[in-house]
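What follows is a set of structures to go through.
You will see subunit A twice below: alongside subunit B first, and alongside subunit C after that.
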Partner chain A sequence: MPLLDALSAEFMQRALLAGLLVSLAASYFSPFVVQRRMAFLGSGLAHAAFGGVALGVFLGWAPLYTALPFTVAAALAIVAVRHHSALDIDTAIGILFALAMALGMIFLYLTPFYTRDAFTYLFGSLLALGPSDIWLAAGVCALTAALVPWWSAWAFASFDRELAVADRIPANRHDYLLAAALAALIVASIKVVGIILVSAFLVLPGAAARPLAKRFRTFTLLSLAIGTSTTIGGLLLSAPLNLPSGPVIILCQCGVFAAALLAARWQD
Partner chain B sequence: MSGAAVELRAVSVRFGALDALERVDLVIPAGAFVAIFGPNGGGKTTLLRVIAGLLKPTGGTALVLGESPEALPAARMGYVPQVKRLDPQVPAQALEVVATGVTARWPWRIGAAEAQARAAMKAAGAEHLAERRVGSLSGGELQRVYLARALARQPQLLLLDEPAAGIDVAGEAAMYHALLDYQRASGCTIIMISHDWEGARAHASHALLINRTIRAFGPAAETAANHALLELFGHTGHVKATH
Partner chain C sequence: MNALHEMLRAWAASGADSGWLPSTFQYAFVVNALLSGLVIGPLLGAVGTMVVAKRLAFFSQAIGHAALTGVAVGILAGEPYTQPFVSLFAFCILFALAMNFARNHTRISSDTIIGVFLAISLAIGASLLLFVTARINVHVLDTIMFGSILTVNDTDLNILWGMTLVTLIVGLVNFNRMLLSTFNPALARVRGIRVRWQDYLFILLITLLTVASVKIVGAILVEALLLIPAAAARNIARDLRSFVAYSCIIATISCLVGILVPLQFNLPVPSGGAIIMVAAVCFLVSLVLRAAVPALRDAA
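After this line comes the complex of A and B, so read on.
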């Protein structure tokens, strides 16, 4: 489909709006995820979201709105395990990851009708984006905007948690807030990039911005610029190429990441 | 400043089956410069973390500058943690880190905190590091930046966990100079974990010997005398033992 035709299509306009909203949120959180080495948490929550989506499909409920509380609960449980047990965070995520996938597969197996929809969630689909998905993306974007006043506290705790706690930043409480926000963002991003690639969507803008930034402020601004431009660029490319949107967005972000590494090396 | 800066009553800290601190009673007078000595695993850092409000005791009560440690406002306390290696790619400049000493938050813009941060960096001998990326600093350079951060807020209490680790001889002398200058000007209390017996004996007013319980606390010259350290560690290091 030529680009201009694609832009005039209602589904593409919805996709661009949803993509812009979720990419703003994802690329805002990305520096915290990268600096705190939380990439595996994103991956674990994406798989928890799969369990929630499958539960929604099985029960005949709206899959994303079923996945939302499911994934937020999983995020809060992971943080609680980290704070209150001797279990290593990676082990806790790994166990939850497997549990959610196993539950998801059983829910899909037990679903008495053909579950082609489930694949929409695994790989993302612009055609499947409806008004309720836009509302979910807008809600997550509004939540992100509401959390901006915590930027200074989260940046400080991302730099040196011990110093931040000594300066009376309640980093443990903030961990719950950040994890819940990431869970909501992951659910809202599923139809744009798909469950399989959503954790990369959360990591790549920050990973590409970090080698180029000298300050945390620049890190955040560059991440926002990279995340939103690659998402819109990937969506626009995917229509004329007739390729699924999620992989095209992630390939664009990987390209920028590689360029950023080269640019940083050249700067040095 | 008069009265007690720190009052601990029967403070205990337990990690699982391990007693890190056992019923510690301690009163540190305001304006003192206390050097803490003890063997590895003897509870020095645990004690400092209790005073800093980073660790809640499992037993006993603690008061720091008249308040419970967790309730003590950040502005009244400067904390220098043990030397650490930062992620080399962390996008942060030393000046930003020192500015957190003024703002207690990561600065979006350094703005009004810059003059205070630069003055503290100068006092800590770290002014030449201001524009450097902190991930590229050596352990000793990073300790100077952290010391500047602690001084920048002009605290009433300075807590330092082996601040001289990784610092060269000249840097160590400059560090003591900066600490004593600040103490003279402000009357603040300094509590410092150290393995540098000679330096601490020369500059600290008090010494505290600890090995899960308080073994001795008093004037530095007598308390940290070689025979006391020999008893605590079973060794006096490279310093000739005098009995």
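After this line comes the complex of A and C, so read on.
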């Protein structure tokens, strides 16, 4: 499909809008994920979302609306385990999310008219994007915007948690807020990038921005620029190449990450 | 080895005929699946203790997911899609070694590096898989991701035996050095052990085992079988020896029960999911035991 035809198609406009909204929110959170070493949490939450989606398919409800409470609950549970239990956090994430994934696959196989729908969620599908997905993406974007006032407190706690706590920043409570926001974001991005790749959305923009940035402000701004431009670029590339959108976006981000590493080394 | 498998299958079939084994044992694929469960259970259980101690959960998840890409590469390279072993092993080993190299040689934090590698391999794998499954059967995807015992055959079993041999040799020759590098790297360095080299060796071992178990447990869940039995064992073990022993036992029970229960009750559930659910139940029991038995709570 030539590029202009692609742009005039309604599904493509919808995809671009959803992609832009979701990537804005994801690349805003990405520096926190990278700086606080939460990459495994992101990946785990994506797997939990699969359990939520499958529960929805099993019950015959709209999957995104079971996935949202399911994933947010999993995120809050993980933060609670980290704060209150001696269990190693890495192991705890691995166990909880393997369980969610196993449950999800059992739900799917027990569904009488199990269709290939699940793969829409695993790999993302632009064609399947509906108005409700746009609203969900817009909602998550609005939520992110509402959380911007906490930016400096979160940035502070990301670098020196003890000092932040001494400065009366309630870092523990903020952990719950951040994890719940990440969960909502992951659920909203499922249709655009797919469960398998959504955690990359949270890691790559930040990872690419970090070697180039000296302050957290530029870190965040660069991450936003990289995240949104690669998403739009990836979506536009995927239509004429006839490739799934998620992987193309991620590969664009990987390219920028590699370029950023080289640029940082060259600067030294 | 094929003769041994043949013998065991004949023995199980006669057992099913005379009624002292469940009737499902007359099928060759059931015996094959149980045999492979018996092999991978203790192996993954034992190695899992070190995965938990080294906090390599995310690392091993990445290797499991890399198997998706390995399979896609294999199908593209023209290998049979049920057994693309050359590409599978080659890709996963390269992936794991490259990831560990990057971990050691950049200033970026380890989990970000793993996240980036995971993203690259999955993005390539997803594109390739969607491309190749358009030509082959879409259900290949199910099999790879969630495991399928129906396709286990003599070749798979032979590969598992091979991996067992490699693990045993590496483990027996290197056991003390590996253990010391895992639980006390500083002391290991003082004793003159090359910890970094041990690290590579261990990662190679996880990769081989992970890839060999993908058929049974599935690429998405194989990491859980390294993790959950070991975590459960840690809750109830009083010393290192019982930690490893319990972990092996729990992993083996999970495999066997997870394979047999869906067959016996005719549930349309993939083996990987069932195996992980059994392991999760064991983990819950271990949590309850730890809370109930005071002697366990004081142990490490």
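As a working rule, the second predicted complex is superposed on the first by the 268 of 268 C-alpha atoms of A that agree within 3 Å, B and C clash if a C-alpha of one lies under 4 Å from a C-alpha of the other, contacts with A are read in each partner's own complex, and residues count from 1 in each chain.
Here is the rule we use: contacts are C-beta pairs under 8 Å (C-beta built on N, C-alpha and C of every residue); 3 or more make two chains touch, one makes a residue touch a chain.
Keep in mind the model is a prediction, meaning the values are calculated, not measured.
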When subunit B and subunit C are modelled together on subunit A, clash or fit: fit
Which of subunit B and subunit C A:Val248 touches, first, second, both or neither: second
First (subunit B), second (subunit C), both or neither touched by A:Phe40: second
In the superposition, subunit B vs subunit C on subunit A residues touched: C
Touching partner for A:Arg210 - first (subunit B), second (subunit C), both, neither: both
Partner chain(s) touched by A:Phe156 [first = subunit B, second = subunit C, both, neither]: first
From subunit A, separation angle of subunit B and subunit C (C-alpha centres, steps of 10 degrees): 90
Smallest distance from any CA atom of subunit C to any CA atom of subunit B, in Å, after fitting: 6
Overlapping contact positions on subunit A, where the subunit C interface meets the subunit B interface: 210-211
Residues on subunit B engaged by subunit A in the complex (per definition of touch): 52-54, 73-74, 77, 79, 81, 84, 86-87, 89-93, 96-97, 100, 103-109, 133, 146, 149
Parts of subunit A lying in touch with subunit B, wherever the complex brings them together: 35, 151-153, 155-156, 159-160, 162-163, 165-169, 210-211, 213-219
Complex contacts: residues of subunit C adjacent to subunit A: 52, 55, 57-58, 61, 65, 106, 108-109, 111-112, 114-116, 118-120, 122-124, 126-127, 130-131, 138, 141, 146, 220-221, 223-224, 227-228, 231, 267-270, 272-274, 276-277, 280, 283
Residue ranges of subunit A in contact with subunit C within the complex: 34, 37-40, 42-43, 47, 87-88, 90-91, 93-95, 98-99, 101-103, 105-106, 109-110, 116, 119, 123, 194, 196-197, 199-200, 203-204, 206-207, 210-211, 243-244, 246-248, 250-251, 253-254, 257, 261
